[in-house]
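We call the chains A, B, C and D, going by the order they appear; numbering starts again at 1 in every chain.
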Amino acid sequence: MRTFKSFASDNNSGVHPEILKAITEANKGHALAYGDDSYTKKADKRFEEHFGKNIDAYFMFNGTAANVLGLKAITNSYNSIICADIAHINTSECNAVEIFTGCKLLTVPSKDGKITVDQVKKQMHLLGEQHHAQPKVISITQATEMGRVYKKEEIKKLADFAHKHGMLLHMDGARLANAAAALNLKLRDITRDAGVDVLSFGGTKNGIMSGEAIIFFNRKRGYSTSPSKGFKYIRKQGMQLTSKMRYISAQFIALLSNDLWLKNARHANKMAKLLEKEIRKIPELKITQKVETNGVFVIIPRKYIKKIQRQYFFYLWNESISEARFMTSFDTTEEDIENFIKAIRGTIK
Amino acid sequence: MRTFKSFASDNNSGVHPEILKAITEANKGHALAYGDDSYTKKADKRFEEHFGKNIDAYFMFNGTAANVLGLKAITNSYNSIICADIAHINTSECNAVEIFTGCKLLTVPSKDGKITVDQVKKQMHLLGEQHHAQPKVISITQATEMGRVYKKEEIKKLADFAHKHGMLLHMDGARLANAAAALNLKLRDITRDAGVDVLSFGGTKNGIMSGEAIIFFNRKRGYSTSPSKGFKYIRKQGMQLTSKMRYISAQFIALLSNDLWLKNARHANKMAKLLEKEIRKIPELKITQKVETNGVFVIIPRKYIKKIQRQYFFYLWNESISEARFMTSFDTTEEDIENFIKAIRGTIK
Amino acid sequence: MRTFKSFASDNNSGVHPEILKAITEANKGHALAYGDDSYTKKADKRFEEHFGKNIDAYFMFNGTAANVLGLKAITNSYNSIICADIAHINTSECNAVEIFTGCKLLTVPSKDGKITVDQVKKQMHLLGEQHHAQPKVISITQATEMGRVYKKEEIKKLADFAHKHGMLLHMDGARLANAAAALNLKLRDITRDAGVDVLSFGGTKNGIMSGEAIIFFNRKRGYSTSPSKGFKYIRKQGMQLTSKMRYISAQFIALLSNDLWLKNARHANKMAKLLEKEIRKIPELKITQKVETNGVFVIIPRKYIKKIQRQYFFYLWNESISEARFMTSFDTTEEDIENFIKAIRGTIK
Amino acid sequence: MRTFKSFASDNNSGVHPEILKAITEANKGHALAYGDDSYTKKADKRFEEHFGKNIDAYFMFNGTAANVLGLKAITNSYNSIICADIAHINTSECNAVEIFTGCKLLTVPSKDGKITVDQVKKQMHLLGEQHHAQPKVISITQATEMGRVYKKEEIKKLADFAHKHGMLLHMDGARLANAAAALNLKLRDITRDAGVDVLSFGGTKNGIMSGEAIIFFNRKRGYSTSPSKGFKYIRKQGMQLTSKMRYISAQFIALLSNDLWLKNARHANKMAKLLEKEIRKIPELKITQKVETNGVFVIIPRKYIKKIQRQYFFYLWNESISEARFMTSFDTTEEDIENFIKAIRGTIK
């Protein structure tokens, strides 16, 4: 296999060397399984350093599970979850949310993946009506599926609205690091301190091999499953309890140490800016979203798509308008971008 | 953390160096996500080498998922699954089978974890009765939770009975390698060729970091979900689709190359035999199961339990009779056993 | 309690005298439970008279169950169901479809409750993509929630499209009788003969006390559960198997004999026309939907709503535009309408 | 159809004339749907008269739903429910408990259908262990499936044990009336006052056409769904909300007025005693259970079974020992028993 660099997705990248090193170093002797090991304890400490005390963090194998089980912990089967129509939990989990939580997703239209209190309000009808699923969660993605970023105040407004109505705020943070880097804020600023109740904290798209975390910020607020008491059963039942947990823990220890999470995210964001700059120089291409994190969305004349894809595979995000998505990652280099742009230019000529 | 060797479980061991090497070597450049990579193609080939053509193999994160989703693919929600009372799917999945498949587990009593056609027959009542869950699957564990092994003919009898009654045979092969090593047979001999329809093929307890596989041996036989067409959606929905699949694939390529799976299993089995031999020399201890694979079950006078556990943590398998379970693993050394026996002798004196 | 006649819903009406008589007459001696009785056999015959041979009919307690279990029988948990945004299965089953089938509802916007092939087409994307729920069913309501009627050809087009794409057509026929009466067609014309695969056949809104039927028209077409073999277990598991089935059967025998279903539906439709005529004479009111069956949708100036509701309770269908829904029923009389109109006029003056 | 009287089941009987009368009388004019009617309010009052204030009662269509949704309201998906192996919820709900609640049923062996605290204790292991479903409910049947009766003190012991361990006591009261009649106690004595938390209150086997009730006795005790706030959504989602609720309510009003429930149950019990007496006179037959309520269990030589069944259909309860179950009901007459005994004697000669 040719060692290539793709712009198809940030999960086409591999494992960051520091993280692979952490895995290798954890491979010594035996360790108790299922989280009763020193690595997992240390990882819990790292989470506390970043998010504060009195939280409950649970590792999941992937982002689907982090979203689904996090939502399951805070809903009843007769609830609904309000989110953007293009939210990953709506478009890309193959009904996992529905089958695991029972909840209906109430979607609001969004071009940039962000939603507002005004949009949420429109879904708040028939409260108390037994025929209708009852809204319980607002779920937002940070950074969004379109690479856009919620400001702290925007999150706070949604959280306040949710809490005022007995609801909770869930954040799909598959790319939380990129958002924090873009805003130049701490992880805690745009999650716990902005009122988020439950976070899917992503690692895989930021240099980890496999692993995400659900973090519950509040042990009291109306969860259907106690995060500190009942959730471990949900994790096991949800087929997300790993026996050799030390290897996920070691990865997160590395990611959350020495600002590795931030360096990786900043670099990916920076590369996206560079890619944007180069694309803007090509008049046939049209950038459709403000580039705030590590995604660049571009309308490319339809006739060029297949030719470019043959050189650099990528996804058409919106086929109807021939819009492509390019993602940069912690390991994208200036040379990668140069080569990619060359390939595009070579095709378009 | 002290680098110790535990006999508590074969999942307390780490990753075999060859497998860690394979992970490290796979960490080059980018690869398409979700299985569209060359490693996964190569892993599929390896499965074919061991199990033959026309199979469908899917990676899962852990054994719970391999069992649960494999069973989901071959059942309807109104079916029942016949298994031993001490089967892992009954005792240790925290209802994951029930919630995901809807099926009821019909258990038959078993001291060694094995079940027979005669026992299965007793569960075959009220067929066609709408009030009663209809038996659809016989699920066996190879090697069993008690370290015991089904002979090929024993499996064949269960498979024949199942197929004669329109049912299927599922095998939880978390320790299949140990069973094959004990029987001196190929993996295929005691699975596909013995009539098994669906296999959970374990890797984690045999030197892998994280990963198991579901293998469907028969594309035609009355699955509720087509293994070659529909199962990919079940995997995704079951929160088991990993983005960076190359890392699981690379591990299985290594495990299934150069007989690594066999060497690891043989070694673990051999160490169990050695441990057995040493334990039999201690008159206060009583071995309760024939040692066929990598588990040694021992009744230890109750007063010694805590003292030994403080030095070498282990699980009481059956508290009511003070029966402990000791597991050996690919990395257990003769010295480890020597030290462990010393610790026991030092306690018992 | 004052004996009043409401226009709030056609399920505010009672039981038609002929149907109550049938119940009373069935109350003789003993009958085998769970459908092994002569009444149920006779009801099956009636269904065959109306819909033809080689069908499978199952009684349910209510319309929710008829919709949900009918859909469950023809879907896998990774499928999606395409329907109108205002379809009852989407708005008014409190997630029963989602939790029981696992399926996501893909909605298309509709003012009159009808959907078209063009709208369905827009939902047919990402076929074969493992991250995305796969469309399997088009579900339509006849008559729609807005009292509108699909013509036979319109249904046929949707059925043809569905079948061409390996999908099935489900019809929520809670008010099928009203639609057939409006079109002056037989029940079979706009269901089986128009290509419908699975029908929820409503009785409650047409004079029955309690009871609906699921009718499967095709035993071969890709159901996930065999309608003639597996569905009885789904019914039991779905908590819809009634022990004293003769009482539901007797009701349906009466409904389907001597054109009672048609007389009831025709009368209700006729009363709606009369109500429409009277409402059109009141300049402050504005009819919003063509009156084709037994529903009349009317925008009423907001200030009058509460006053009228105090005399005749009704539902605001669309609060944002102050649109009320008035339903007529088999027992609505011209005098009832006269009195109702008087009450409205008295309020508006 | 010949008007015959069966001893196969108490649900082969019809509707008691008083109850049919109540239905007929409720068939006047319109009534608001879904429980907002005066009949349902009155039925609630009746429940309060029998069980006291501060309860929450919900109608279900059948006993399966009453058991399943009652259990769903008080469990999480990672719980287990301890019950007798022959409990109806284990043997005869076609996995409805499992699929709806996710819970595993932990069964204890029972000849008479009753279970004891000592038996429950043996299931109380691995508490707090994430791999294992956590016991949450003890479910008992009163009268049991074998016609046996728990004394008040026996229930109290189970309730005390449950509450001491943070668990709840559920009672399947499909034949509660027969038990109360047998014990000469009030309904409340052996339910709420004995510590029962949730009751399935049966009507169908005691003269009702169709309908059961779930009664929650305690609004505070650790339900997973608030009985007074959340349960209405569970009912709707569970496909158990009837639109024309007045007809179920009217039946329960009649059943709970003028001691009709008691008269019916007493009569059925008395007829069982008579049947027992007559059977004991036939030396070839052997009664296997003390006759306490309305069931008589009898071992009949295998060669007579089919011959008797042809005249009076009944179920073989335990085929392996040729044990039949005969049920009496509110409408069984002395003459019916005389004829039945004649038929048996005629066969045995």
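We adopt the following convention: a residue touches a chain if its C-beta (ideal position, glycine included) is under 8 Å from a C-beta of that chain, and two chains touch if they have at least 3 such contacts.
Remember, it's a predicted structure, so these values are computed and weren't measured experimentally.
Enquirer: Would you kindly say which chain has the C-alpha centre located farthest from the C-alpha centre of subunit B?
Expert: Looking at centroid distances, C is the chain farthest away.
Enquirer: Could you compare the number of C-beta pairs in contact for B-D with that for C-D and name the larger?
Expert: C-D is joined by more C-beta pairs in contact.
Enquirer: I'd like to verify one number: the distance from the centre of subunit B to the centre of subunit C, where each centre is the average of its C-alpha atoms, in whole angstrom.
Expert: 50
Enquirer: Using mean CA coordinates as chain centres, what's the subunit B-subunit D distance in Å?
Expert: Going by mean C-alpha positions, subunit B sits 42 Å from subunit D.
Enquirer: So, what's the distance in Å between the C-alpha centres of subunit D and subunit C?
Expert: 33
Enquirer: I need the residues of subunit B touching at least two other chains; which ones are they?
Expert: 77-78, 93-95, 99, 102, 130-131, 133, 233, 236-237, 241
Enquirer: Taking the complex as given, what residues does subunit C use to touch subunit D?
Expert: Residues 1-6, 8-9, 11-15, 20, 23-24, 26-33, 37-38, 60-62, 64-65, 68-69, 93-96, 99-100, 204, 209-210, 233, 236-244, 247, 313 of subunit C touch subunit D in their complex.
Enquirer: Of all residues in subunit A, which touch subunit D in the complex?
Expert: That would be residues 34, 76-78, 102, 130-131, 133-134, 224-225, 230, 232-237, 241 of subunit A.
Enquirer: Under the definition above, what is the set of subunit A residues touching subunit C in their complex?
Expert: Against subunit C, subunit A makes touches at 77-80, 91-95, 98-99, 102-105, 125, 130-133, 319.
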